[in-house]
Amino acid sequence: MEIRVQAEPFDYGAECNAFAARAPGAGAVVSFCGIVRDASGQLARMEIEHYPGMTERALTKIAAEAGERWDLADVLILHRHGPLAPGETIMMVATAARHRAEAFAAAEFLMDYLKSRAPFWKKEITATGEAWVEAAERDESALKRW
Amino acid sequence: MEIRVQAEPFDYGAECNAFAARAPGAGAVVSFCGIVRDASGQLARMEIEHYPGMTERALTKIAAEAGERWDLADVLILHRHGPLAPGETIMMVATAARHRAEAFAAAEFLMDYLKSRAPFWKKEITATGEAWVEAAERDESALKRW
Amino acid sequence: MTLTILYFAWLRERIGEPRETVQTGAGTVAELVEELRAKDDRYALAFSDLAAVRVALDQELSDFNAPLAGVREVAFFPPMTGG
Amino acid sequence: MTLTILYFAWLRERIGEPRETVQTGAGTVAELVEELRAKDDRYALAFSDLAAVRVALDQELSDFNAPLAGVREVAFFPPMTGG
């Protein structure tokens, strides 16, 4: 299991390859990445605030919970904080398992919990102002299925 | 939409990066890769046979069906044929969407249909013999949820 | 009617050929299979358990009851194992 | 009891400080919030709608009814928006 919280950019593809390479017994690897989306065409940047200490603790707990629910060969969670430009990669998760159903379920579980239970907050900065991203009701609802 | 069927190895991470980069409006990218697994410790190689013509037609149909069911920014299916060594990447799918739930659902759908409806057959070759991989009952059952 | 028949995976191995061209008056896939079975033991073996055989007509999955009228390419193969 | 209080996102902005140390006799998170509200309008504004505020005690998510006995670090923040 690997948990990383960092301000620096990361190379999504290189992380995917490194993750897949170190899980040779696992036939199935699922990865997810979140990208800064500029829905309005006005976004100058996104800023991600987090709670150092609690962040790592929350992510470790979520990853461990996934490891208890599914038979996983490996789990990776990587999340950036600080300023990000449109198109930049915000975060990724990856899961490796013997069978694809487990790898998919675990990756979705990680994302659902990470969205609403890990202490990150996003702010969008445009030319005309800035606004904190509001939590979506569907993200809270998504937890109910697990 | 991109469909590729090839004997040549491909770089999973590079494909993930290229896919993510060309879907800038999509905040969520999900990718899956299947790796040759050596469960017995005896596997010399895997050989994948396919039905040229029908393969591309079946994969295009599956990808188009996913595009009708979910609001996707892009879809990639890449599958190798011919001989593969343990640890090599057999295939990948990637989906890009505005929201993660759509990207995840579409990727699972692609995998479920690809497993049982695209004309690929795997043979495992060990030092002592060779055997065609049998279709798993769970793979056929997996189609029922869609 | 002239048909191209393709065989894949263990069907190909049991029959010993990846493809052949046949002249047939078979009206359905099932009738074609009966003709093939009668030709040779290799075919009888390959088609001994039809539950383990899938068929595609002109590169679209089909079934044993399907009519062959207008069809040019028939393929027989085991359940698919891609991914 | 000495507590470190942390504020994040728009709670931090409304209160104007990322952290502070307070002396308090509050028995629960809710009592601590009442004390803070009484201190200054900035706090009253930040805590005007508790449905929009989450609390962590020693870096574990908790709730407003939780007791503060033994707690060293309290954090207030809006619903999380990671991922």
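Each chain gets a letter, A, B, C and D, in the order it is written, and its residues are counted from 1.
FYI, a contact is a pair of C-beta atoms (placed from the backbone, for glycine too) under 8 Å apart; a residue touches a chain by one contact, two chains touch by 3 or more.
Remember, predicted model here, so these are calculated numbers, not experimental data.
The chain with its Cα centre farthest from the Cα centre of chain A is C. The distance from the centre of chain A to the centre of chain C, with each centre set as the mean of the Cα atoms, comes to 48 Å.
Here the spacing of chain A and chain D, counted between their Cα centres, is 26 Å. One simple way to say how far apart two chains are is to compare their mean CA positions; for chain A and chain B this gives 23 Å. Shown for chain C are the residues in touch with two or more other chains, namely 83. Annotation for chain B: residues 34, 100, 111 touch two or more other chains.
According to the touch criterion at the top of this document, the contacting chain pairs are A-B, A-D, B-C.
Put simply, chain A touches chain D in their complex at residues 34, 48-51, 53-54, 57-58, 79, 90-91, 111, 114-123, 132-135, 140. Of all the residues in chain B, the ones that touch chain A in their complex are 11-18, 20-21, 23-39, 86-87, 89, 98, 100-101, 103-104, 107-108, 111, 138, 142.
For chain C in complex with chain B, the touching residues are 6, 8-10, 12, 56, 59-61, 75, 77-83.
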